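The same chain A turns up in both complexes below, where it pairs with chain B and then with chain C.
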Partner chain A sequence: MFQNTKCECGHQNHVGTVLCEYCGKPLGEESLSEEPLEMRYDGVARRSQKANPSWIDRIWNFFSSVKIAVYLIVITLLGSTLGTIYPQESTFLSGDPTTYYEVNYGLPGKIYYALGLSRTYESWWFITLLVMIGTSLVICSLDRVLPLYRALNKQSIRKHLTFLKRQRVVFTRDIPGDPEEFVEKLGEQLKRKGYRVNRDGTALLAEKGRFSRWGPYINHIGLILFLLAVLARSIPGWYMDSYVTLPEGEAVEIKDTNYYIKNEKFTVQYYTDDELPDELKGTLRAKLYETKAVLYECTAYCGDLTREPELKEVHRHDIIVNDPLSYKGLHAYQFDFDETPKLKAVKPVLVDKQTGESYGPFELSMTNPEISYQVGPYTLELRDQFMEFAIGENGKPTTLSREPNAPAFFFLIKGPGLPKEGESYLYFPREIDKVRFSQDQINRDIADRFEIKVGSMENVVLSGATTFLNIRVDTAIPYVWVGAAISMIGLILGFYWQHRRIWLRIDDGKLTLGAHTNKNWFGMRGDVASALRKLDIVVEPKSLDNGGNKT
Partner chain B sequence: MGASRKTVQIVILIGVLLIGGYAIGKTLFADDQGPPGVGDRPPDFSLLGMDGEVHNLSDYEGKALVINFWGTFCPPCVEEMPEFQRQYEKWRGEDFDILAINLSEADLPVANFVRQMDLDYPLLRDVNRRTERNYGLRSYPTTFFVKKDGTIMEVFVGGMTEEQINERVERLLET
Partner chain C sequence: MSFLEFSSDAFIAAFFLYCFGFLFYMIAIGGKKWSNRDPEQHVKRWGRVAYIVSTLGLVAHLAFFFTRWIGAGHIPTSNMYEFMTFLGMSIMIAFTVIYSIYRSPLLGMFALPLTIIIVAYASVFPQEVQPLIPALNSIWLKIHVTTAALGEAFFAVGFAAGLMYLLRVVDFKGKTKEARRAQRWVEFTLYVIIVVISFIITVFVFRGMGYEAEFKQMQVNIDSRGQETTTEENVQYTMPPIFKPYNSETISMDSFIGMKQPLLETPYWMDGVNAGRKLNTVVWSIIAGSLLYGLLRLVFRKPLGAVIHPAMEGIDPEDLDEISYRAIAIGFPIFTLGALIFAMIWANIAWSRFWGWDPKEVWALITWLYYSAYLHLRLSRGWQGHRSAWLAVIGFVIVMFTLIGVNLIIAGLHSYAGV
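Coming up: the complex of A and B.
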């Protein structure tokens, strides 16, 4: 398709130009109207507007369209609302997502899960939309900012009369006297108002606040950085959000890292009644949750199951709510706790009931006991261990779980006055189990001679509270902040400053003035009227209005 | 300037394709983060066996595998172990193995249990429930049937009879 893009001033314009790049004369359809001019992008063609587009151009043009960008944003908004109907899988700590939705929400829940909406924000289509918005941001901006930059960078001072008369702020009057002197004086006045003034004989261009035009593009750069930072979370090692359970005193591996973390002590403090208002007295109100945590780095034998890993302490911190342990981008936040004490070990003695003499004590760990103990002249050989003792269907002792809920230890006692092969003795460390399972009856005769027992509470080792920590790594966060800051700067530039321009020319003693701003027309008219008043031309600012305005 | 514009276009579109392609591709292939199911590869492990050797899952590459999780505290687990033993004997010499992973129990009960049971297929010890968690176990026993190509054919939850095992092993060996 052939299109004549040459202006009467002799300038050859790009396809799609609305206002001649050189003199500002309206071209094409715009020239047929009498309405104020469409000044968007100063009437220059977008980069993508060209004759005979190739397939690359077609893709480019698709993303270059603001209309498409708006559709993309609307679709993304609607899509993201889908993710808010039911909880997302990523928010579960436990529970099986395959059944969760159906159990809790019935058929809609089942459909929700089947459609993959339980992972909306990680779904391929959602990420695709984000990528498309990102592409659109880059291409839209590039297509507009470069021509705009060129247009604003080499503006001609003497514009076409139609261009001036079809601005939204227009003023015409016959000027007696020297036109050049008038233009110079008016230029002086505008300079005082902060305008940069360019003169070309009897024509003038005054301009201020051009930088505010770059605001939207700076905003876009920030948004692109923000988006890239969010996408960068998928780089291995950049993002982690997991939970660890830390029983007291045990270094636990943090999955997918080389770190181990230990809970040396967890404490929870409650407010005393004196500190509480009347209506809360007698209730438990937490004042402090604190985990004394130590972070270790594994230096050797890390994955080796035959040896203990070699750990090196790298950091130590008392974690309280909102004050995490932080080390090289890894953060451990207080999340939950379990104060139920667990029996960790007992230090019983072996009592000879006939003589009253006691031997020991020896330390018996619930989870990791020794195989043999020497107490006085007697040897206790541990033959079996039951975590949650029970008598099975076949009448034999068994365990119901692997948690030390009702621990029992099966010993062979050997020593003076006992058969060579030893006497068997079943020991329940917890008094309640001893009664429940009738320890003395099980042990029969030997129960009359010996007793294994814990003397006092001092000889019971209870584990401290278990703490739960939330482990987070988010390497992208600084970039997210930088992106957000750049975006904010762009927004401020665009919102709080305006790009104002005033053109004027004097032809045969007749002044024609046109002015344009991208916002705040009230201020624009005020600037023009006040500069004219200094040259004794009194006009009501409102009378400069050429229509087509919203303000 | 026409040529440089084209270059800019191509550079930007390639950039979009690379970054966008990576991000989208990641979402498409990230599904194996959940518990392994049919068609997935079982998560790798490296565990100490009752024989004192370290067993890696990768050591069994190319073999049809039965990965069984068991504990002495779980009666159906205990009941099915002799069934697995018989199957192990039946298919000896084939490209087939059984790996029975204990559910992170203490040394003594496991050792005692194994002594009573007379089992000779590899018995491995999980530590701190790590492997169990990677496999997304929710109840015991759970048995994974892994084809020779290294993908899971079936995940069976609950105790199994020899017949049930046999039928699946036959299918495994056909693959």
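Coming up: the complex of A and C.
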């Protein structure tokens, strides 16, 4: 298809040009109307307006459309709302998602889960939408910014009369006297208002704030960087999110790292009644959660089960909410705590019930017991240990967790008057468990001969509160902030400044002035009116309005 | 007198100054056609009086804010009462900024009632100073909440200007299908505003009467190990129970114009925190709002839009369109910074991740996406004026849902701002 894109001024324009790149004369359909001009991108042809597009061009054209961008934004917006109907799977730590939704929300919950909306933001369609928005950001920007840059970089001063008359701010009047002098004086006034003024005899172009045109593109670059940074988290080693349980005083390995972390002391402070208003007196309102944490680096025997690792202290920090521990990209956040004291160790004695004699005490640690204990003439061999004792479905003893909530120890007692292979004895350090699981019945005959018991509370060692820390590594974070900062700079440039231009020419004593801004027409008209007023031409700013805002 | 006492006095002073400011704006606009005066002079004079009075209101409001800050020892933006009063104040600040650019006194006629409604709504919540919980004890409480609220305040001014535009340009005498549709939606918007006002009035009327009812609600919970437990909870009502909580017994109930028993029970599937009480409140607000709306219709004998429309004569609709757009354009970067970027920085410090798809976060993102769609649409032909005004109105509904609706209906991590 042949299209004549040569303007009457002699300039050869690209296909799709709305306003001649040189003189501004409206071309094609735009020349038929009387309405104010479509000044977007200064009427230049965008890359997407090629004749005979190939399939690559078609994809490019699709993503370069602002209309498509708006559709993508709106669909993402609507999709996001779906994810807020019920809690997302990622927000609850306990509970099985396969049943959670149906149990809590009935049939709608079941449907919600079946549709995959319980993981809306990780779903393929949501990620696809984000990727499409990212693509649209890149292509929309490239499609426009280069032609726009070209157009703004080589503007001619003397524009076609139609171009001036069809601006949204227009002023015409007969000017008596020397036209060149008038143009110079007006130029002076506009310079004072911060315009860069270019003159070409009786024609003038005054321009201000062109940089604000780059605002949207800078913003888009920032957003793209932001999205890329988020994607970069899938690079191995860039992102880690795990939780550690820290009983007081124990260095615990942080998985997949060379670090150990210890909770020296965890404290919770509550507000006193004096600090609370009347309505809240007597309630527990937390004031501070604090973990005194020490970070160690393992220097030798790391992960070696047979030997204690060698640890070197590298960092120490009192972790509170809003103030995590940070060391070389590793962060530890206060996440949760458990104040109920846990049994740490007991110092029981072995009592021979028949003679009344007692042997011991021996120290039995809950988390780290010895393999055998020598108590008087007897030997206690530890055969098995349960942290939270329970009888499993197969009738065999099992443990429900690794927390010492209901510890039990399975010993073989050997010694004088006992069979050579020993007698088995199940020991519950906590009195309450002893009764609950009927220790004496489990142990049968041997229960009449021996008893392992803790004499007094002095022989019970309790651990302090347990703290839960969230361990994070997120190498992409700095890039996220850089993206956000660039985006913000772009927004500020684009929204708090405007690109204003004033063109004028005097033909046979008749002044024609047109002005354009990309935002804030109120300010644009004010600038023109006040510059004219200085030359004793009094106009009401509003009267300069040539319409063009109508729906 | 302590700082906190002075602070609550200043708050009351601010509230009344806003009310008087609004009254003077109404005189400025409504009195144009009174006899023996030059309409232009009249609008100028009374517009000035109204502006001065409402600015004094803002000064009193600022005094409230800073004295409460000193008295409490932390910035008063930590619960719903404090946040909503701050939002009201931000709207006044945003209005003052926009006014200083456009000098359009009539904008005050819409920005002020919006502030008044929001400040009155704030007073529905408990007002005592609460000491900070650890999660809020951060410098970002000051930075994130204030900038986010300021951005939203500009959206609020955009909404006010957008609504003014609609009231100005919609043809209330038109009989075409399009005109009728526009009339209906404007009327519906006004009806919703009246329902919100009625909610506030209803709360204060029953509070004044000292109305109380109490219920014992049985709730069945199934824990992670599959064990079923029943918990009993006492639920207090301060409005007569049209809907009692699901599966509950009445413990005590004041009688209200012959109503001695709850009329209905909340359906089982509304099982959020205090769902029964919330449903009851919503139903009361709609009933009271509809009554008030009906009363106004009876008094004026025409749709409310048509009542306000003549007062808007002489205002240039294109100026309104531009003010609405400009307010949103000014608010957008501030909102981005406060509600997204600062929020992400704080979340990264407090919750160990900058983004976690918490409902409040998602809705802030939705608000942001919505306004970015708006800003892109403004670039296209045919999306200025009428359509743009509607977008500004809907946008503010989304803002309010993010601020209040999420806390009322969805909750999540921002629960300390709860109700």
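As a convention for this text, the second predicted complex is superposed on the first by the 406 of 551 C-alpha atoms of A that agree within 3 Å, B and C clash if a C-alpha of one lies under 4 Å from a C-alpha of the other, contacts with A are read in each partner's own complex, and residues count from 1 in each chain.
Here is the rule we use: a residue touches a chain if its C-beta (ideal position, glycine included) is under 8 Å from a C-beta of that chain, and two chains touch if they have at least 3 such contacts.
Every value quoted in this text rests on a predicted model; they were computed, and no experiment measured them.
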{"item": "Chain B versus chain C as contact partner of A:T367, first or second or both or neither", "value": "first"}
{"item": "First (chain B), second (chain C), both or neither touched by A:Y301", "value": "neither"}
{"item": "First, second, both or neither for A:Y270, with chain B first and chain C second", "value": "neither"}
{"item": "First, second, both or neither for A:F211, with chain B first and chain C second", "value": "neither"}
{"item": "Which of chain B and chain C A:L382 touches, first, second, both or neither", "value": "first"}
{"item": "Chain touching more of chain A, residue-wise (chain B, chain C)", "value": "C"}
{"item": "Contacts on chain A seen with chain B and repeated with chain C across the two complexes", "value": "96"}
{"item": "Touching residues (chain side chain A, partner chain B) in the complex", "value": "47, 56-57, 59-60, 96-97, 122-124, 127-128, 130-132, 134-135, 138-139, 142, 228, 231, 234, 252-253, 255, 303-306, 367-369, 371, 382-388, 392-393, 398-402"}
{"item": "Touch list for chain B against partner chain A, complex", "value": "5-6, 8-10, 12-13, 16, 19-20, 22-24, 26-28, 30, 34, 46-48, 54, 71-73, 75, 103-109, 112, 127-128, 130, 138"}
{"item": "Interfacial residue positions of chain C with respect to chain A in the complex", "value": "101-102, 126, 128-131, 133-135, 137-138, 140, 222, 224, 269, 271, 316, 318-319, 321-322, 326, 329-330, 332-333, 336-337, 340-341, 344-345, 348-354, 356-359, 362-363, 365-366, 369-370, 372-373, 376-377, 379-387, 406, 410, 412"}
{"item": "For the chain A and chain C complex, residues of the former touching the latter", "value": "38, 40, 66-67, 69-70, 73-74, 76-77, 80-81, 83-84, 87-88, 90-91, 94-96, 103-106, 108, 120-121, 241, 271, 275-280, 285-289, 320-324, 331, 333, 335, 470, 472, 474, 477, 480-481, 484, 487-488, 491-492, 495-496, 519-523, 542, 545, 549-551"}
